[in-house]
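Residue numbering begins at 1 within each chain, and the chains themselves are lettered A, B, C, D, E and F in the order written.
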Amino acid sequence: MPYVNIRLAGKLSREQKQQIAQEITDTLERVANKPKSYTYIAFDEKPHDSWAIGGKLLGDDK
Amino acid sequence: MPYVNIRLAGKLSREQKQQIAQEITDTLERVANKPKSYTYIAFDEKPHDSWAIGGKLLGDDK
Amino acid sequence: MPYVNIRLAGKLSREQKQQIAQEITDTLERVANKPKSYTYIAFDEKPHDSWAIGGKLLGDDK
Amino acid sequence: MPYVNIRLAGKLSREQKQQIAQEITDTLERVANKPKSYTYIAFDEKPHDSWAIGGKLLGDDK
Amino acid sequence: MPYVNIRLAGKLSREQKQQIAQEITDTLERVANKPKSYTYIAFDEKPHDSWAIGGKLLGDDK
Amino acid sequence: MPYVNIRLAGKLSREQKQQIAQEITDTLERVANKPKSYTYIAFDEKPHDSWAIGGKLLGDDK
């Protein structure tokens, strides 16, 4: 641990995922003393029509 | 919040997901006083062979 | 399946959870043809200070 | 319940998933007295580039 | 990875959790070639009245 | 969305959670163009004996 799960609509590039993973891992080490090697991060990039906010699905998947 | 995650085997149509999202969002507002705009719902439509019940995978994906 | 996970800040009464569970289970049967007996629902009632929206933790737990 | 979610990088064969599901369901019955018919298992086979360990994404998906 | 999340109603003893964790970790190594040191397991022991099956909450927590 | 779930063993202070939430929300806006107001973060601070790594439970809860 820690285990971090990031769920969002649409796709991220490999570079975006790499940057996000690095920053979150750094944050957890700096703020919570969690050694970097223990942090797992899993991204769930979901189709837009699999998310609803306020009872309405997000727009069609692009 | 609330965040609601619905995981099931097989696919739903956009219309089914829209109807389910609307009804659950309504329920959470009416029963638990959660404003609709705050409710997030994420659907995970999984292949049948990624679910097991009673130690047996569900049938092949249709 | 389906498996439904409802995560929210604060506590619900047993009566609220019962009502929400019944309505969601009904919705999934009526809209998606999922037999009621297969639907599992798990509530995660979390402390307010374990949720952040827009980068700010919710208020102190009541 | 129980509900077991197994998340890993890469793909498993149907035979691997069947074997894992059977063994975990057996374990939960033998060790924790959970009747087999109640145990749900969901596999999330994720692309390698959706996992990070120690702040680095795993290698490209094969 | 893998990351395994086990959610169930009621409490397990430390010995039960230790036994379950060991067996699942062994299974994932033997069947799916996942090195033991990479497997994370998180148990969520939930109150009975936070689970519903078939639209009915489980009995009062013991 | 995005919805971010951070699961770790042990407790964080309110200040640690506030700092982590702010940094992750900033990262998702800067790197992935996700408006801050849409980002939900939920922390799951779990007892040490509810986590296993390599088939062994972590030490007793402190």
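Just so we're on the same page, contacts are C-beta pairs under 8 Å (C-beta built on N, C-alpha and C of every residue); 3 or more make two chains touch, one makes a residue touch a chain.
Here is each chain with its UniProt name: A, B, C, D, E, F = 4-oxalocrotonate tautomerase.
Just so it is clear, the structure is predicted and the values come from calculations on it, not from any experiment.
More than half of the contact pairs of D-E, counted by residue number, reappear in one of E-F, A-F or B-F; that pair is A-F. Interface comparison, B-C versus B-D: the higher number of contacting C-beta pairs is recorded for B-C. Rotation relating chain D (4-oxalocrotonate tautomerase) to chain F (4-oxalocrotonate tautomerase), from a C-alpha superposition: 180°, rounded in steps of 5.
Taking each chain's centre as the average of its CA atoms, chain A (4-oxalocrotonate tautomerase) and chain B (4-oxalocrotonate tautomerase) sit 20 Å apart.
Separation between the centroids of chain A (4-oxalocrotonate tautomerase) and chain E (4-oxalocrotonate tautomerase), computed from CA atoms only, is 24 Å. Multi-chain contact residues, meaning those touching two or more other chains, occur in chain B (4-oxalocrotonate tautomerase) at positions 1, 3, 7, 24, 38, 40, 42, 46, 51, 53. By the contact rule set out at the top, the touching chain pairs are A-B, A-D, A-E, A-F, B-C, B-D, B-F, C-D, C-E, C-F, D-E, E-F.
Across the complex, chain A (4-oxalocrotonate tautomerase) meets chain E (4-oxalocrotonate tautomerase) through its residues 1, 3, 40, 42.
Across the interface of their complex, chain C (4-oxalocrotonate tautomerase) is touched by residues 7, 46, 49-57 of chain E (4-oxalocrotonate tautomerase). Every residue of chain A (4-oxalocrotonate tautomerase) that touches chain D (4-oxalocrotonate tautomerase) in the complex is listed here, in rising order: 14, 17-18, 21-22, 24-26, 36-45.
Chain contact summary for the complex, chain C (4-oxalocrotonate tautomerase) toward chain B (4-oxalocrotonate tautomerase): residues 1-9, 12, 16, 19-20, 23-24, 27-28, 31-32, 34, 38, 46, 51, 53, 58.
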